Every structure is written in C-alpha cells, then in structure tokens.
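In what follows, structures are represented as structure tokens.
Okay, so chain A shows up in both of these, paired with chain B first and chain C after.
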Partner chain A sequence: MTEPLFPQPTGTMGRPYRRYEAHEKVNGTATYASDVRLAGTAHAYLLASKIGRGRIEAFDLTAALAVPGVVDILTHETVGGQIRQTPSLYTGGYAADSVRPLGSADVAYWGQPVALVVADSYEAAREAAQKIDVAYAVAEAASSFDSGGAEHSELEQHALRVGDFDGAFAAAPFKIDAHYSTPVQHHNAMELFATQCVWDGDRLTVYEPGQYLNNIKYGLAEQLGIDPERIRVVNAYVGGAFGAKGFLTQRTALVALAARRVGRPVKLVATREQGFFLSAYRAETRHHVQLAADQEGRLLAHRHEGWELTSRADLLAFGGNGMTVRLYACPNIESRVNVARVDRSTPGFMRGPAEVPYAFALETALDELAYAAGLDPVELRRINDTDVEPVGGLPYTSRSLMQCFDAAGAAFGWPDRTAEPGSMRDGDWRVGWGCAAAFYPAYAASSSARVRLHADGRVHVASGGHELGQGMYTMMAQVAAERLGVPMDRVSVSLGDTDLPPAIVAGGSSSTTSVAPAIMAACDAIRRRLGLDEGSQGDVVAAMVASGTGMVEEYAETRAHGEAPDTMRRLHRGQAAPSGGIHLEDRVQFALGAQFVEVRIHARTREIRVPRAVGAFAAGRIINPRTAHGQLVGGMIWGISSALMEHTDIDPRNAGYINANLADYLLPVNADIGTVQAIMVPEVDDLVSPAGVKGVGEIGTVGTAAAISNAVHHAIGKRLRDLPLRIEHILEDI
Partner chain B sequence: MQPFQYIRPASLAEMVMAEREARSRDAAARTAYIAGGTTLVDLMKLNVEQPDRVVDLNAIAPAFSAITLDGSTLRLGAFAKMAAVADHPAVIGGFPVIAESLSLAASAQLRNMASLGGNVLQRTRCAYYGDPAWTACNKRAPGSGCAARDGVNRQHAVLGVSDHCIASYPGDFAQALMALDATVILVGAEGTRSVPFASLHREPGDTPDAETTLRPGEVITEFVVDGGPWARRSRYLKIRDRQSYEFAVASVAVALDLVGDTVRDVRIALGGVATVPWRAYDAETMLRGRSLDEAAAADAAELAFASAVSHTHNAFKIPLGRSAIVRALLETAAMEVRRD
Partner chain C sequence: MTDTHDTNAPPSESRRRFLIGSVVTGAAPLMVRGGEAEAADQPAAQAVREPVTVQLDVNGRTHRLDLDVRVTLLDALREEIGLTGAKKGCDHGQCGACTVLVDGRRELSCLTLAVAAQGRDIVTIEGLEGAGDELHPMKQAFIDHDAFQCGYCTPGQILSAVGCVREGHAGSADEIREYMSGNICRCAAYPNIVAAISDASRRMGG
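Up next, the complex of A and B:
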C-alpha cells in the first residue's frame, strides 16, 4: 500500500467505518433467505418451459407423482385461478412482468415456469420435475430485433427535439455518424433466487432476498387475494441484487400457494439456469448516434436514436437518450427511442439500466469525434462542459465532470499518452489508453425511519431498507451516530423487514439519499425532545440522564424534492419510486465521473486484456468512503465484464438461452482484473437531499465499456461499436 | 438426476468382476465410472447422463496415482489429481507442456478433485449436448440430428467435424499427451493393453455417440510418456476469452527438437478447434528439416487448417488457430532448454 485507500474525512467526505455486519459475513453466520431453517420444510423445484412460444396441450404427471417423497405438483391445471393477476410495475402494479404465475396453458417465452414440484427433499423434487412429461403445441418464437414476428414501434414519450438538427449537422465541419449495439446480459449475483414461505393460520411469512420487500408484500397480497397486513416479508441480507431482486417475480406466489396447499413451510432455491428466466435482465440495444462539431470542437448537433427490446407482455423502454443528450452543451438535438416486442421474458433493471447502453454509444461516438476533430478526448469534453442542460435549459444542482477527468487523468498518467492509434507497444502487446465519462442521475424518494435512544447511550435505528452488500447497515448506524453524537458501537440497526417503517426500493442508487434524511429527521426530533438544538454539539446521553427518561423514540418521514403529493400514501403501499435526475421541473441532478482504462492486445492472437482502470467520481456527500469505494470498484469491474465477456447466447430458432450457466456465461475471474482505482472527488450539493448525497451504486459501471472500446481503438486503430468486444472482432486488424 | 445403483469396488479385479456380472444380468445397463466426478455429476444433475450404475473407483485410485520418472520415461497414474501432476518438479522440468496444460485448465478447486483419466475423457461443452431440451443431438441421442450446426456454434470445432457432429473436444491435457506421443494403459475384462493415446478418441463421423475406442468396462490406469529434447522444449499456449477457469477458444501444444534453428523433430497438437485431441501431422512433416522462422511457422499453420470446415459463428477459429500455431512455435523455439 503506497497511499491510503480512502480520503481523509473532511467536509462532505465521511469516515470509513468498517462494515456493521462484516463479522457475520466473514464468519458465515449472516443469515440469507435460503439459510433460514423452518421445521418441516418441503422443498420445491421449478420446471421451466423449454419452448419459446406455444401452448401446453397436456401434462403427464404419472412418473413424477410416483417419485417417493413428492407431495404436490402445481401446474396451471392444478392451480386454476388461485393466483390473481397483479399489474406489472410498469403499469402501476408490483410485478416484474405481466405473466400471471401458472396462469394458463400459454407459454410466452423460453424458461417460463410451467410447474412447481413440492417434495420432502430437494433431490426428490428435482427428479420428479425431470420426469414431468409436457406435451406442447409449439409456435414460432421471435427472439430479437430482426426476427419475423417482432413488433416494432416508436415510444413517443422519449422523443426530443431542440433547434434544427438536420441543418446544423449538414453544415458542420466535423461529423460522426455511426451505429452501436449492446448485448443481452443476465444477472448472476452469487446468491440464487430463493424463496421460503410459511403460514401460521392466515398469516404468511416470506423469506426472500429483495431490494424492495414492501413491493413483495403488497403485490403478493393482491395475487393471493388477502389482506397485506397478514403478510410479513423478512430478509436481513441480500447476496447481490443489482436490479434482479427488485420486484415481485412469479416464484413468490407459487411458493406461498404451495405452502398453503401442503400445510408446511416450502423452500425454493431456483437453479443458476432458472435465474436467467425468473427475473429481469438487460436486453440488447441498438443505437444510431450522429454528432457534429465546429472547428473548435464545440458540439453543434447531437442526434441519438435508440432501439430497445421487450417482451410481448410488457411494453417498456429505458430511454437513456433523455440523459445522454443533456450531458453536454449542444444547440441542436434530436432523439427518439423505438422498441421491439418479442417472445422473451420481460427485461428490466440491471445496474445502470438506461445509462450503461446509451453511455456506451455516446461516449464512444465522442471519442470518434475527438479523433475526427484532432482533439484530445478529455479536452473535447471540457470544451462542451456545461452547468445547464441543453434541452430544457435547467441547471445542474452541481456538476464536477471535469474535476473527475482531471483527477482520474492525473492518477492514470494520461498526459504520457501518444494520440496516434497503434503508437504504444510493449513487446508483443499493443497498448491502448481510453477514457469516457460516467453519469448517473441523483434520485431520491420518500422514506421513513424510527430512532430510539436509551439512557445508557444505546441507539437503535430502524427502517425497512435493504442490505444488498452496498453498506446499508453501516450507513444507517453512521448517520444516527453522527447526528446524535454517540459512538458507532453504541448503535444497532434493524432493516429488511416489512414490519419496520417503510423505506424506498434499494435501487436507482437512491437508498442512502432517501433513508439518511429520515434517520436525520428522527434524530433531530429526539434532540428537540431533549431540549437540544438540532445542530448543537449537546450531549444527548447527558440530556437523557438529566431528563430522567429511560428511553426516547422518534419516527420521521421525509419526502424528496419534486415528489407528488400522494408520495407518502404510495410509500406505505410499497410503491415509492425514486424521482430526480431529469424528471424535475426546476433542475437536473446527476452524479458524474470519468473513467480511464489501459488495454493490451496481443499482436498475434488478439486477446484483449485490461491491466488497469482508474475512475474518479463526484457524487455529493460520501457518508462512508469504505463502502462507497467497494461499490465504485465493483461497478468498474462489472463494466469490464460487461464490455468484454457477458453475453447471453440466444438460439433464434426458438428464442432459447443456450449458455445459461456460469461455465458458459462468462464473468471475469481474479486473473482478468488488474489494478482498479476509484477516486472520490469531493463535492458539495445541498440541493439533492438534506443529506447531500447523490449515490454511488451504479455510476461505476456506466463509463467503463466506452473507455475500453476507445482504448482498443487507440491500441490498434480499429473502432469497435458492438459489445462484447471479442477476439474475432479484431483478428484481421493488427 | 435420477436414482442409480452405487458400487465401490475394493480392487481392480473386483471392479472387472462386478462389471462382468452386471453385464450378464442386463447387457443394456448403463455403467458410469466416477473418480473426481467433476464432469459426471454435473451431467447427471442436468439429466444428460442417466447411468443405471455408478462405479466409484476411488478405493482403487491410490494404486494408480503415482507420478514416477523411470529413466527418461514419465509414468502418470490415471488417478493422479491434475494439481499433483501440474506441480510435480519432474513434470515441470522435463515435460513442461504437461504441467502447463494442466495448470491452465479449469480452476484450482477442480484440479484438486479431477483425475487424469477422467480429464482426458471429459465430455464436450456443446450447449446442445448439455441440455436434453434440445432433442437433436447425435451424441446424446444417436440419429436425432445436430442442433449445433445451424445453432449458436462459436465454441464448436472446425477440424474433424462431420455432418453429424461439430462438438469440440474441451480438454487441455490431452493435447500435451498428443504432442508427446504418449501411450495409455487400459485394464478391462480382457486384461491389460497399451495403446497410443492418439488412438483413444474417435472422430465423430456418423457415430458421434462413440467417443473413444475404450472397450465396455475398460478403465485407464496409466499414461506413459517418453522424455527427450522435444519433451523438454515443449509448451502449451491457450487462447481463451478469460484468463483463467475457461476452456480454450484455440490452444496449441508444441514439442520441438531443434538443432540450431533447424527442426529435427516437432509435434503440434491442437485444442479448442477440433472434435478430438488433434495432431497437425502435415504441418509437422513440412517443418522437419526446415529452419524455424516466421515464414516456416506460417506455412505450418496454413497446412494445419487446410481441412478446416467452419459454421455460422466459428470461422474465426481458423485464422485464430493459425496465429496461435505461429505464436506457439516461435515461443517454443525461443525457450531456453538444456541439451544433453
């Protein structure tokens, strides 16, 4: 170690306290959803469809039912109408998709759950599931954009137009006009998709890893047709989520129903392969970007057309164009988004869902423009830096993009780069250096928290947030400790339970931004109860003793800037959605960053390696630089993975996934990752939320792929515009 | 996974007898041998393999796990763990291509479990073979067709393919054995025999389900490798999409006997690109007696892929394989090797 990992705590840079739950995680006592032991548990195994589209004509369950230990088999025939339709998240409901679990004989996509076997053991359930004979009437399935049967449309709500793009583009001296694409990618968090359900009379307890337990509670209540107050969802730790565990999937209702039918707790741990079908994923995207600049490199025209993909069941698109066209000053803008509906499961959130694909297109195009205009790629961004977004003329609440470029560039050694592609070599290796901007909207939502102070100085903080590994426990304890002026080790935390005061979904990099203000408000209320000023350094414990009270408890709700009046009601119904970013009337708010990478490409065999990556990020207040650092470094590593490896292979003949396992769906191993440095650039933003936090969960991933593709171009002079970047794309180009 | 009978014979004789008995009761009964279990158990969970009997050979294993250098001849017990062989000083010093092929394979955890015999017999990674939902697979269900030919076939073979199967052989160690002209010792109901390793695997032809020339019930007990200058000047180059824990997109095992810069003898084996462990005999013949430079290496590479046949997504393996051969030959020539 030559320099400390974390910056000195000052101003908006907090203290790098160790993880609240570090001990439990390291010694293996942290209880994840599938670790909960319930007496008398029956084990479930899902049977997923192995056709892309069609209809179930008949089940032959004879052999499956004959397997010793099988207690029940749920199919659309045996379930009937016991599970009700709940609208999808995208139409004001709760579910990750609009396919009703075991709702009919129709098969909408490869991997759709068609049966759930319940048995005394996991092995018996699996054996029986493999013995179910399903007769299908198979129909042709559209797998992607170019399939016959794909339904194409434009989504008007994502269209943007400022000035005269066509005129400006035609007249400009420097232009880029290029197409880009990003692949299908699936979540492969270490923890699998597990659910355990147990009924006690008419009360149901669900153990399931979740980013939004209240979403599961209220959505499941609708599906089962029961009072939500009879459902409790509990989950103390999530083993990686990244968007996959955000919302109600089809499995939860099936397990709950199975538990009711067999009168025992039921446990499902979906297989690694089934994880590819059960939850959201990043669908493939296509982009057409046109950029034009004047002689000085000032952007004159910017057009970005995106193509996204979704299921037949759910019309959705992320429309990252709304952000990319607002990042740099430009007088003439045009943008639109099209969507294709095909026979696949509904896509959804994956770390930087809108940002990652659209940023790859824009930030690669900018690098191309820099070469066309003979400018350094960093300087091109500096020339077009702005404090006001160019579409609506709204101010950024704060913007430190160039501070990030300068900090990361200096740490990386960017001034030593020679601009000419192919000019840097090391033996048989071609060396390339590339950079790109990263951005992520600062979102926030209403949340609530309860804080209790005991006379002996113990503090308890409770809020129904979620520990995904990002550091929620630590953040909650730290905010309370600092606000009340008590030591960290006196604070205990409860989260991950729908019986607690509700908090926002742990998504959109918004947990800390949203929950910290509620904790602060509750702490301030305690101070007021004790007659202390909010900002004062007064000793709360001394005040407690003086008051003669044994315990003080305060509950607080906070609302984020720009939220609708019914936000609190929605929070208490499991429907709080973050707002912010570009969705405010008076301003835009973004965390920004800059990422630099070095690639090495073997002159003969063309392997692409990334020995080092440096990112600098400005995201307002950093409450805990240790956990923030983990998120940023992890995000950058995912970016490397996303650019060079991750790609789900889909057979166009039946829209089937053929590499749905960890051997064939590549993720990086330690050997693939060299030095990864994350720099936190100090930034003050008192507007985004009372906590001054913008969030760092997703931004680390956003700029990596473009930085890598730009570095590949620098190494060998070939511009790659389709991810993932692979050996075969550059075989003939050295 | 389906229920199966589990047997753990205490000796080779007991194994042979039990197999003979089982076969006389039910000639169609499917027997699978298990040692490390790193391939078989996965395939059983996926329902690809459904053996009636699983014969656990681990009680026999200690008798066939030795790594010995007998003069210049290396003898490797077939039950030796990959990790043990990869780390053995005699192997690293005298047969680097073996050590490299093993240490670049799989993960540390798998190398600690997997045996050499099981490793050379590991099954293809063809996704269509590995999922019974794809009904067309001549290897899994003879006569059913081949889903890979018109499917996603980036990983598939370009050498040794047939109309019936294009599945690539996934292993690494086998290429080292090919390049060193190893011999394999087999034990079965008809006794012990030794055969060239190069005759162990069968190209798919019109019977891709018959992957080896092993007789029913036969097991591999030992690999025998002669040493010499070509064995000391040998290396394994593995090109893959990630730097560890990943199968080869293309790999090359080279064993080279150089006098000055003239090739006295050379053996080249290819992995990741062929249906079986593959020797580039024509390339070798062309190189013998020539001085090894860029042009000669390129000529050899051209010859090695002269018979290549590609499908939708794997045409890149031909130029990549050629580049890998050139790189491997030149890097092997540049090795500093003691001559006796």
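Up next, the complex of A and C:
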C-alpha cells in the first residue's frame, strides 16, 4: 500500500511529475492570501445580519467605538455612496450577487454583511463587532421551495421538446415515474475567505484567493469608481475553491474602502460561519423524472423536470436536464426547469453545479428502470449508448462511456454481483453494489500566455491562471517543457497575478484545456523565431546558442472553438467565460465516466459505509496522471460525501443556516473513506482543444451519489430518492 | 429586535475530539457574551485588553511578545512571529489546520491561548526538519505520495502525522485513518495521506 496510488502513464498521457510547488506546500512557505504580511496592518471583523429579511432601523455604535484600538466602523450610514452598484455575473457584470455591499438599510438575507469593524488588533475588532447594537425591523423571510413568500416561475429558455413524450410514455411496457431531491451544500474549502488590501497613493493591491483574479480587478474598479489599471490582484496559492472563490463577493470592496479610509493595509479573515453566507453555494433542487423503455430496454420516452432555487436578488438556474436528456438515445424527450426565488443569499457554482444534482436524479431513475425491465444496469446503458445526442442530432466529439463502464466494472468485480436486492450479505452487514454514469461537459475558453527562453536553457512561463490544488503550476511547466524539449527542472512558472497575461476563470474544469494551448502556441512561436519547425524535435537551446541570441520571449493568445470574435477583448476585461458542452452549434463535447461503489449497511445500527469505490473516466489527454488522479479521487470522495453527509440545514423561521460550522456540517474525515480507485481510460480527442484535454476537476463528483443510492437499494431493497441518505431513512427497512 | 452577539454558533461536541492534547482552553469561552458583557466590561475587561508580556519558545528560538491575553497561539504564531505555516481553517478546534507540536504532542493552536503556551516547546511546520539538508521524512513522503492538492491543510496534516507516528498509532492503514481523523482535508487527499504516513512511519522507525 505504500506504492504511489496514481497509475503509470499509458497511451497519450504525460508523465506523473511531482508537483512544482510541493516543497513550498510541505514546508509551510506557500503564501496564501492571509499569509502575506504587510507592515502596519489593521484588522477587520465582519458583522453579519441576524435576520432573514427586513430593514436596519438604527445602529448603536457607542459601545463598539469605545473598545480601545477601534479605528473605523463601516456601515451603510458611514459608507454612504462610496461603493457603487456593479451588475452581477448573471446580468453581464462581475459580482457574485446583486446586493450592493453596505448599499442600504435593507437586509435581503440572513448573514448579509451589515458592518465592518477596523481595529489595531483582531481581538479588538471582534470585540467591537460583538458590541454593535443593531435594531432591525423584521419582515417574514421565505426560506425554501415551500415557503409562503417564494416566487415560482418556469424558465422558458430551458424548455425542450422532441417527438411525442406523452404518447410514447403511455404506450411503453416499462416505465419509471419518480421524484428526487438534493440538499443545500457548501464548498467549505479549508482556506477561509480572506482579503487584504493595501493602497500606495492611488494604486491598490488586493491579496485574495480567487478563481478569476481579473474578475475581481475589473469588478472592484467599477465598485470603487477607479481606473482598473490602478488595481492589482495577487494570489499565488488558493487553499481550495471548488467554485466558492470564482467571483467578486461583497467583502472585497469593503476591505478596499476600509484600507483607503484608515490609510493602512486592512486584513479580513472571515469566520467559518460567515463563509456560509459570503459566497455562493449549491442550492437545493427537486426533480421529476419519467422514463419509459421497450421490451429490449431501449429508451422510448424521457422527461425530466427540475426545480431550482435562487435568491430574490438574482435569477439563475443551471438547468442540468439540458445535458441529461442528451446523454442517451431516445426519440421522445421533454424537459422543463422551474425556479423559486426566496430570501437567501445568491447560490452559484459548486463542483458540478448542474451535473451533480441532475445526474443523481437521472442515474437513479435509470437503475430503477433496469430493475423494472429486468436488465443489468450496465447493459441498460449499453443498449442506449449513442454517438449522437438525441435532441439536435449533433455528434459527440468523442465518447467512451461504455469503455469506462467496462474498465471500472472489471476492476470492481461487477460480474460477481447477484442482482436480487438483499441477496449479498456479510455477517451483520447488508452488502450493496451500485453503479452510475458520470459526465461533465468539456469546456474551453480563450486564454493567453507568455514564454521566455534563455540561452542557458532556462524557461519561464507566465499566465494569470490560478493554483487551486488542481496542479496548475505543474501543468504549465510540463506543457512548456514538453513543447520546447527542455527538462522540467529548467522551467519556472508565474501565475496568480493580474499583471500577467490573462487566463480564464479556473472553473468549468477548463483551466488546462484553455491555458495549455496558449502555452503551446507561445512555445511554437519561439521555435519559429529560432528557425525550427513547429513539430520538430530540434534542440531549442542549441539553436539559441547558434544564433547568438540571449533571450527569446513570445506572447500568445488562443481562441477556443466557437468563441465570438470579441472573446479576446472580453478576456482582457475579466469577462470571458468557457464554452463547450451542449452550447456549440456543430457538436457536443463531454468527458464521461462510470462510478461503481460498494455500500455496507449494518443490520443492527443501520450505519451506512462505503468501503470501496471504483471510477473510470475518459477525459481526453491526461497531461499529468499524478495530479489528475488526485482530482478524480478527491472528486469521488466529494461524491460520497454529497450522498451520505453534506447538508446545510435551513432554519425556516429566518432563512438562516443552523449548522454553519465544521462540527455540524458533516464533511468526511479520513476514517470515513475506504479504498477509492480512479482509472483513467485512454482517449484521443483533437477537437476539444489543441491540447486534446477535456478536464477532470469535476467529473469525479458526478454520478457518485446515484451509484450509492442504487447500491443502498441493492443492499436492502429500499429506494432512497432524497439526499443525503442517512441512518434515519432506513430505520424500518431491514 | 436587537442584536449584539457574534454569529458564531457555539462549537458542539466534536466528532474530532480525540486530539486530546489540544483541549487546553477549549472549554473556556474566549468571547465575552450576552449578559456577562455588561459586568465584564468594567475593570476585568480592561485588564483583558492590557498587553501582557509572553515568552514563546518556537522552533528552538525564544520570542518575547506583548500580547492581548485573548490572542491564541495560532494568531501569535501567524500575526506576531510571522510563522504563517500554521493555518486557520475554523478557529474552533474543528478542522486541524492549525495543528502544531507542543512538547512533542499535537495540539490545536487555535484552541490554545498564547499565554498558556509559555515555557513549552513549540514546533511548527517551518521547524520540522530532517537530517542534514534532507526534508523531514514525513514531508518527503507527502511529496512522494502526492498527499495534498491545495496544500492548505498540509502543515497540520504533517505535524499531526508526526504525532500519530510518535504515539504509536500508525501500525495499520485503519489505525492511521482513525488517528488522523482530526485533520480535515477538503481536497480529500485521504488515501494518499494514509499511504504517505505509512511510508514515513517506516522511514522514521515508527
């Protein structure tokens, strides 16, 4: 077991180099945003609203201001109009939500920042924040789907109809008609939401963990009403993100403004609880799935209606059924998406935002259909496999779904399974084996990079991308080393700085797909400058020496397939977004996979364990099997966790969260996790990107929950359709 | 309706309590709350804010600091001494990111007041060294087995792992899983963490 757990490279895979920044991380010298030390720093503490909706009638700051060391308190009254409204991401702007920071006396949700205290010490700032007296006029807050004040509507743009669903469903011999739900979940990256701001005259530097630093830069410039070129955002390491650090939250402008007001650097490290409200989250969803099949198991009808939840301030929905109805061949299709607007903070992207909940519904329903039709669940997928998506008839650029099922099934030992629920036992343990498909759209975006080659063979690669733990430094070094034919240890990398050539958001599993081509293009340009053929193995360093050149530097931009002509201009303003998946006119592109899990349920305690999980994933070229393996295994563990543990509990009285801390919001610890195996199925796809990469950041999390619910059914014969699956749901059933 | 309280929910009985050495100050409320605030606001609270001189022995060096007595060991290390390897993941004893070695045992520095750490031998990730120029075997094993992704939990994992081996709790994969369950890794590098500790344990003669 001490063998490294990642596979040795096969096929087109790159080499499993150790992480570029490994020494910094094990020595504690990697500088995360809150680790940057600035002389004379004042410390900030946020005060968050403790009502779900209403108005602030008055602040009494007397006691707070009397705390020794307090230097400033920002409230909507003391800030006035100093922070401008910037539109949200969902209306063409930058902000993660549409609530202007300290913009008015109105409270839109529980946990909204209502004051920021600045003091000489953290202890004084915290004490003063606790001594602020806020008088609220409380209004009733709608907390979720069934609340009286929720506003319900259907989103027409997500509606789809192919063939005659009603007729086909009515006539079919085998059918499933079931409802599913998934809960509120929070990313809870280990790194807290920290921000440090320091002004030097009219120039502002921001240290903040981000997945899209240019988004922060340009959005903040709008909020502060200053020239974006005066703002620099720096962050060399992000302590986990998973979607929570994608976009401009309310805190950044508050800290920047506070630093300007007090004339000192200001540091905010939001508490763990505040993190539950400061950024986006995965909102609860509901699903109605209807499937019908003929005698052979071929799908005849597929209908998926989804209900999503958003804030009163921002209308957004993910509509993952646009993908799920395109996964399998089927002649009669309908899909609809409804949204409820309530008094909560704005949700957003969390690892597999559309895919995780919609896959849970579809892939559980398919298992139910397999049982109804008397088919093996893997065979049902094989029967309905397709190279062409059934809605628009567009081809998949590549599709290795069944190769994944076969590889993972063989490694798991699936042929040894007996289909009858409850038929596999081990003493007091009821054993269940389940499987499900995984999918994630292959997204790509336009990006840029700069590569410099020195005559002594040193190479420097720069792109304003982001290291979240996915292995960005390593990937950038590796792509340049391979393309230029120099050893890895001669390559240095800069990222995480808005002064560097802009890169796309580290989201949508698209960083590598997007940035690698720009690096390759810059390397190729260097080869051309040196008179070498692009594809040649010619020695670049020898060519440098022969030409008497001291240093060559090239900047390159690459545009992703199907991108609009203004994409580069948008990239340089922090507004470009990845595209792909089902959003192209000529094709669809997906990474695909298969998840197999063993569940054990104790007959006396009802404890549910997952001793082993095997996933196989085909995601185009894998540049570094070591870092990719970490992403996939981490994703699968996220999937196990989303099925069995994670659930943010809403207090219906005030739309707040009850368990906003790491003891009550259950996350897996080491003892919760058994054997997790991720197989990388070789796949060549030169269409998705010049790098041939589809991305592996999220797909590991997709489908795991369905595999687990299917395994629970296999273990005890009970269908659980609402996540998370917990002991209390199976008390009666063994 | 008025609101004068911090929004932090009180830490509940944690599933991850078996970092026993750490509960030095865990039970004592650090924050003045509710009704007590008025009474405590007078002389006692003033005294709380009066800086006291604290002497901390960290990584073989002695630091004299003038601190608010409410400063935790974690904040003293990070904000005063500049050893930012110890990380804040919750400040409530729920995640393990702030783990350091105190007198050779793993402790949560967010639940330890700096004043209570005086006269004790503190080792942070920056001070965990191997023989000669080599990395400490636990650090090397974490690199070899890719036992991290974002790296934020890593200093805490490594120091906790050293404690785990020294306590004699690294005998099997299951034992490692159990005794490393006070350190959350949200990137979920758990299988590789277990492999790294198992490997390092052998190299450390554990």
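The definition used in the following text is that the second predicted complex is superposed on the first by the 723 of 734 C-alpha atoms of A that agree within 3 Å, B and C clash if a C-alpha of one lies under 4 Å from a C-alpha of the other, contacts with A are read in each partner's own complex, and residues count from 1 in each chain.
Here is the rule we go by: a contact is a pair of C-beta atoms (placed from the backbone, for glycine too) under 8 Å apart; a residue touches a chain by one contact, two chains touch by 3 or more.
Because the structure is predicted, anything quoted here is derived from the model rather than measured.
Asks: Pick one for A:R726: touches chain B only (first), chain C only (second), both, or neither.
Replies: After superposition on chain A, A:R726 lies in contact with chain B alone.
Asks: Of chain B and chain C, which one contacts the greater number of residues in chain A?
Replies: Counting residues of chain A touched by each partner, the higher count goes to C.
Asks: A:I637 contacts which: chain B (first), chain C (second), both, neither?
Replies: second
Asks: After lining up the shared chain so the two structures overlap, which partner does A:M551 touch, if you call chain B first and chain C second: first, second, both or neither?
Replies: neither
Asks: Quick check for you: in the superposed arrangement, does A:K50 touch first (chain B), second (chain C), both or neither?
Replies: Once the two structures are laid over each other on A, A:K50 reaches both partners.
Asks: Taking the superposition as given, does A:N670 touch the first partner, chain B, the second, chain C, both, or neither?
Replies: Both partners, chain B and chain C.
Asks: What is the contact status of A:R272 with respect to chain B (first) and chain C (second): first, second, both, or neither?
Replies: Only chain C; A:R272 stays clear of chain B.
Asks: Which partner does A:V684 contact after superposing on A: first (chain B), second (chain C), both, neither?
Replies: Neither partner.
Asks: Which holds for A:E127: it touches chain B only (first), chain C only (second), both, or neither?
Replies: After superposition on chain A, A:E127 lies in contact with both partners, chain B and chain C.
Asks: Chain A residues touched by both chain B and chain C?
Replies: 50, 123, 126-127, 130, 658-659, 663-664, 668-672
Asks: So in the complex, the part of chain A that touches chain C is made up of which residues?
Replies: 1-6, 18-19, 21-32, 34-35, 37, 48, 50-51, 63, 67-69, 111, 121-124, 126-127, 129-136, 138, 187-192, 237-242, 269, 271-274, 468-471, 626-627, 629-631, 633-634, 637-638, 641, 658-664, 667-673, 675-676
Asks: Which positions of chain A touch chain B when the two form their complex?
Replies: Interface residues on the chain A side: 50, 123, 126-127, 130, 602, 604-607, 609, 644-645, 649-651, 653, 656, 658-659, 663-664, 666, 668-672, 726-728, 731-732.
Asks: Can you list the residues on chain B that touch chain A in the complex?
Replies: The contact residues of chain B facing chain A are 1-3, 45, 47, 125, 127-128, 131, 133-134, 147, 150-152, 154-155, 237, 239-246, 249-250, 316, 319-320, 323-324, 326-327.
Asks: Considering the complex alone, what residue numbers of chain C touch chain A?
Replies: Residue positions touching the partner: 1-9, 11-16, 31-33, 37, 41, 49, 68, 70-71, 75, 78-79, 82-92, 94-95, 97, 124-126, 135, 139-140, 142-146, 148-155, 158, 173, 176-178, 180-195, 198-199, 202.
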